[in-house]
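Two complexes come next, and they have one chain in common, subunit A, joined by subunit B in the first and subunit C in the second.
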Partner chain A sequence: MDWLIILTIGIPWLGAGLIWLLEERQSRLQHTLAVVFALAAGVAALAMLPSTTEQVELRIKIGSVFGDFTFVPDGLGVFLAVVATVVGSLAVIFSVDYMHGEAQLGRYYSLVLLFIGAMAGLVLADSLLLLFIFWEITALCSYSLISFYNDDPKAVEGGIKALIITQLGGIGLLVGALVIYAYQGDYQISRFLNEPEVLPTNMLSVMAFGCLIAAAAKSAQVPFHTWLPGAMEAPSPISALIHAATMVNAGVYLLARFYPAFEEVDGWTTAVISVGLLSAFLAALMALFATDLKRALAYSTISQLGYMVYAVGTGAIFASQFHLLSHAVFKALLFLSAGAVIHSVGTRDMRQMGGLGKQMPFMRAVFIVGALALAGLPFFNGFWSKELILEDGLHEGPVWAYVGMLAGAGITALYTFRMVWLVFYGERRGSGHIHEAGRLMKLSTGLLAAGTLTTWLLIGVFGEMLENTLIYHHLHVESAPTLLEEIITAPATLLALSVVAAGLLGWWFRAPLAGIAASFKPVGQAATSDFGFEWINRRVTDWTNAGANALRTTQTGSLNWNVFGIIGGLIVVLVILALGA
Partner chain B sequence: MFEAPSIGDLNIAATLPATLLALGACIFLLVDLFVPKDRKYITALLAAAGLLTSLVLALLSLMNIIEFGSGETAFAGLYIADQFTDVVNVVVLFTGLMGVLVAYNYLDRIGKQRGEYYYLLLFTTVGVMFMGSAGDLVTVFVALELLSIPLYILSGFRWPQEQSEESALKYFILGAFSSGFLVYGIAMIYGATGTTEFRGIWLAVDEIIAQDLSSKYLLLLGAGLTLVGLGFKVAAVPFHMWTPDVYQGAPTSVVAYMSVAAKVGGFAALVRVFASGMSNFVLDGATAAAWQDTMWLIAALTMILGNLVAIVQTDLKRLFAYSSIAHAGYILTAVAAAGSAAVTNEAAQAVAIYLAAYAFTNIGVFAVIISVEKDDSSNTGLDSLRGMSRTQPLLAASMTLFMFSLTGIPLTAGFVGKWFVFKSAIAADLFPVAVIGVLTSLVSAYYYLRIVWLMYFEEGEPQVYIPWPLASAISLAVVGTLLLGIFPYLLQEMAQDIVLAFGR
Partner chain C sequence: MSTLTILAGGALALFAVGLYGLLITRNMIKVVVALQILVKAALLALVVAGKASDQINLGQSLAMTVIVADTVVAVIGLALAVQVKRVLGTMDLTELSKLRG
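Up next, the complex of A and B:
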């Protein structure tokens, strides 16, 4: 087991190093090596599946300063490592066609492989400090890959924005690690989950909310979501891998991992539910009004992550992680097929597309599979997991949140069909030659489409795995047939389905409903301007700059002022000391 | 009845690394008279050899392989030879060695290859060493002057260039001014406690607190004045204003050395005076020393101002002046933490660790600046690094590593330093300061990473000049930054025996 962990993290990192060393002109070899190493990592991760355990399986002693670096391959960690490496492999395979003939392939593949290894490490780590280190490595990879086309100022800006916002979140985690260490003496997450009482209540809530901030920043949740649409400047396989299927899930993972310790913290679950609800609902609206295909998908990712966060807030850990699995598969599929379309059309603007189904029948087919899963239609994987979340939400969560999530599901259906229609149906609005995607593009999207149709069958195995190895969560997961039957027969499902159907009908009868739609115009305007969050972002950076400039004027360079500063400082110091006496 | 101590009681051997260097500096001063003008490399070599010898001695003492002398005090309590002394010695001797390496060719280029440079540098180094080992306020003061006066001269080393002269004069006037505060503070402390020796002060403070004597007000005044005097040396806000002007005007090789050495000296003295001498100065109803609030307030201000103003700088030397102010803030956080009795030693260790980590990185940064600077001291703008990754991949990679380290990204020395500092702050219940520290680190990421971005993502053809001494200095800095980042226990092992609090 221990060597499997080392392999899962080490193989991609080794590959990253090797590819980095290759010459730029050996591009064939670079492609091949990347695929081989990514697949090997996937195999190593899959091999961990049969022997998940809650025990520490790998302990690296690194001296006393940072404690031991420990890894626990429990169900949650291994499952996410599998997602990271398998979707990673498919994204790399897709890249062989997508990045064909691009310059700087070595940098691209090295960073992708570095990311895959770090992501696997992040979910397997049991030392909070180690988790933080992997967390930062993934953020750096994400930054470098968003800015991959570094002569494009938009790409550079998007990268910096993503880095700064996720770094802000990283602080929450770092503070958490310091707090754990201060009271527990090491960084062991499992020890902390076993006995969260070692922290005094106020410190526990500092940590709980610190982790919430970290998670919201990483998982692009309101109000920290603004970086994700900007991150769409990255090459499409990167959007599929990092910004849909893996890294953005790290936040949800963090919340799920620490749920047993934080659930008793005052107001924490409500805060988590609110963050999830706001993200799910607002981002769905933004997706409805987006015109850029990848940005629409990005908003949809924020919205779907909102569902997972909401599920954690209601205590439905299993449902959230199951939706994470479904989402990783169908959203990677959507991003990759969208990437193939964009690669072919040469624009991301959906207003320039339309009618592409005729030229790209295969991509249309797989995209629709992904879209149906996103909309939550039976019996795709997105249906089962979303219904599970909504059902648990109805029973365990507050009603106001449930209503919001339900409305979100309707909007999801609406924007999904709008997207499919704008891209593949109607009349072609742009010009230029369209070619069908390459073979390897078809292979990877085809595999993901197959996954979208089938991963829900794993519900039983997956539930059992989590139940057995997440011992601090005290999960109780029903067997597969019971679960599936429950979902189908639950009234919540019917309710949700009718809302989805309403969304569908809304799109179908959009012409007659145009009048009503017009009255929603202000909403549309608010949604396209990102509900003002982007404005807040700008203001924060502007204010920081203005503050810096204002402070700069204190630096006059004149001796008299310097002396004045020293004397002023002395007076302040003496006043404070005198107040203390 | 006066009783002259015998030579043996003085325990001179314990001060070997420092006294040897002082002696060496005096001898080199004489030798330099006979070194012809075109062969000043001899003086440089002698200086380097002297520093290296002392460094080896200090390292041996640090690793407890050889203990010089017997016992921890020398010169009747004026000098303390403990683990903290060893750490300060090693850090500053290494810094001095790097200072010689980065200076040699730079001085050639600016046409100022003179022997004075090297022995002045040795004298400041000795000053820092004595500050770190001071057992008495009088030693602190004398060492401070020994540290400062050569630095004033070195700042003006590029005369008749106006900027350099201005920098020296400004540094001198303000330095003299704040030295006055220090002397006055020492006088007050002496007035309150009747002694200038730290152990004596510590005992007297216990007495003052126990009996609630009114001399505590005098002591408060003394603490405040001392804080101002030393705060100036470490460039804490609001005593920082000389820093950007001096850093910009002084020769870059001097700045490279001074930005670390002056800080090491200042912080060593701060820790000795406050953590060691007055950590028990806990007034009624308080849980920590009376000076803690002031200290953390200054730390917070320093971190905020330094990091914010650095954002808008366009000149590398000014930018790193503000960056060094910001880092002073982080170290001050640990000094403030030392005000809580239970954390005093841990915080002092954090200060030592941070200084060691900072030394490697910061000298490296200035070495890179030296490599792009033109002979007429122009071209130190941010633009001078533009596109460096194309023409100088190794140099750009080194600079990137330094930027990561200053930001505090894991696996670099800077992260380890920040880690220990924030840990001690949290242990001392200074949670808000730790949060300010972490948040301002985020702000710092903006301007540090902008430099990385300039080097990697922008077009440009920077001209660099890297002779081998400079290259080896940069390599040493890279190795140190990585080594301490990847094996942090090296630092911890080094610092864990630091015990500064008396009686515990």
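Up next, the complex of A and C:
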């Protein structure tokens, strides 16, 4: 077991190092090696599935204030490691076609593999400090891959923005780690979950809200969400892997992991529910008015992550993680097939597309599978998980939040249908030659489409795994037939389905409803400008940049000033020692 | 006032002189000289500390080691200064740092 953990993290990192060393002209070898290493990591992660446990399986002694670096392969961690490595492998396979003939493949594949390893480490780590380190590595990979086309100013700006916002959020996590260390003497998450009482109440709430900020920044939740649409400058497989299926889930993972400890903190669950609700609802509206295909998908990711955050807030850990699984599969599918379309058409503007279904029948088929799952139609995987979240929300959560989430589900159906229609149906509005996607693109999207149709069958096994290994969460998950029957027969499902149907009908009868649509124009304008959040986030980024530039003047590079700084530091230390003694 | 106190005070004074030199000088040769004075202060402090803690052997052998390491620093520093003067025509550190990009 312990060597499986090392392999899952180590294989991709080894691959990253090897591919980095290859020369530019060995691009075939780079492609092959990347696929081989990604697949091997996927196999190693899958091999962990049968032996999940809540025990510490790997302990690396670091010593002094760093404590031990421990790994616990419990159900939650292994499941997310599997998602990261398997979706990662599919994204890498897709990249072979997508990135064909691009320059600097070594940098691309190395960063992707580095990311896959770091993500697996993040979810398996049991030391909060180690988790923080992996957390920052994933942020670094995300930043450098968003800015992969580093001669494009928009890509560079998007990368910087993502980096700054997630780093600012990461401070919240660091504070949490230091608080744990201060009161517990080590960073062990499992020990902390066992007895969160070692922290005084006020410190516990500092930590709870620190983690919420970190999670909201990482999972692109309101008010930190605007970096995610900007991150769409990255190549499409990156958007599918990092900005839909894995890294953005780290925030939800963090909240779910610490839920047993933070549950009792005053106002925490309400705050989590509010963040989830706002993100789910506002982002759905923004997706409705987006004209850029990838941006529309990014907003929909924010919205779906909002559903997961909301589910954690209502205590439905299983529902949130189940939706995470469904979402990772169908959103990766949507992003990859959108990437194939964009690759073929050469633009991301949906107004330039239309009628592409005739030239790309395969991509249309898989995209529609993903879209139906996103809209929550039976019996795709998105249907089961979303209904589970809404049902738990109705029973456990406040009613105002439930109504908002339900409305969000309706808007989701509406914007999904609009997206499919604009891209694949109607008349072609752009010009240029369209070619069908490559073989490997079809392979990876085909596999994901098959997953979208079938992953809900795992509901029973998955529930059992979480129930057995997440001992601090005291989960109680029904068996698969009971769960499925419950979802189908619950009145909440009918309600949700009728809202979804209303959304679909809204798009179908958009011509007669044009008058109503016109009255929503101000909403649309507000939505395209991100309801003002974009402005705030841009200010934060600008201030951080300005502050960094101001601090640059302290780097004089002059010996005399450096010696002066050393003496100053020495005096400060001496004064502290004198006062402390 | 015991001999040890006087010697420790001397080490402190040497240290202050070395730091002051590093603080004001811009000439590379003078930087090396100031560094040497600093290291000599540390040497003296080592020997004094050895005597004060009744571990004369330890203090003196540490001092010997530092002398060896310190000679290397002086040699490389001076060689660097000579080469810099020969290639760039100046030994002024401020002038040199203008070369950075």
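Here is the rule we go by: the second predicted complex is superposed on the first by the 538 of 581 C-alpha atoms of A that agree within 3 Å, B and C clash if a C-alpha of one lies under 4 Å from a C-alpha of the other, contacts with A are read in each partner's own complex, and residues count from 1 in each chain.
By our rule, a residue touches a chain if its C-beta (ideal position, glycine included) is under 8 Å from a C-beta of that chain, and two chains touch if they have at least 3 such contacts.
The structure displayed is predicted, hence computed values, not measured ones.
Of the two partner chains placed around the shared chain by superposition, subunit B and subunit C are both touched by A:V563.
By the touch criterion defined above, A:I536 lies against neither subunit B nor subunit C after alignment on the C-alpha atoms of chain A.
Contacts of A:I60 after superposition on the shared chain: neither subunit B nor subunit C is touched.
Set against each other, subunit B and subunit C differ in how many residues of subunit A they touch, and the higher count belongs to B. Using the contact criterion defined above for the overlaid structures, shared-chain residue A:A548 touches subunit B, although it does not reach subunit C. Of the two partner chains placed by superposition, A:L494 touches none, neither subunit B nor subunit C. Comparing the two complexes, residues 557, 559, 563 of subunit A contact subunit B in one case and subunit C in the other.
The residues of subunit B lying in touch with subunit A in their complex are 170, 173-174, 177-178, 181, 216-217, 220-221, 223-225, 227-228, 231-232, 237-239, 241-242, 244-245, 283, 286, 290-291, 293-294, 297-298, 305, 308-312, 409-411, 416, 419, 422-423, 426-427, 431, 434-435, 438-439, 441-443, 445-446, 449, 453, 456-457, 487-489, 491-492. Per the touch definition, subunit A reaches subunit C in the complex via residues 557-560, 563-564, 567.
Those residues of subunit C that touch subunit A in the complex are listed here as 19, 22-26, 31, 93-94, 97, 100.
Interface of subunit A with subunit B (complex): residues 62-66, 132-133, 136, 140, 147, 150-151, 156, 160, 163-164, 167-168, 171, 174-175, 178-179, 181-182, 206, 544-545, 547-549, 551-552, 554-557, 559, 561-563, 565-566, 568-570, 572-574, 576-578, 580-581.
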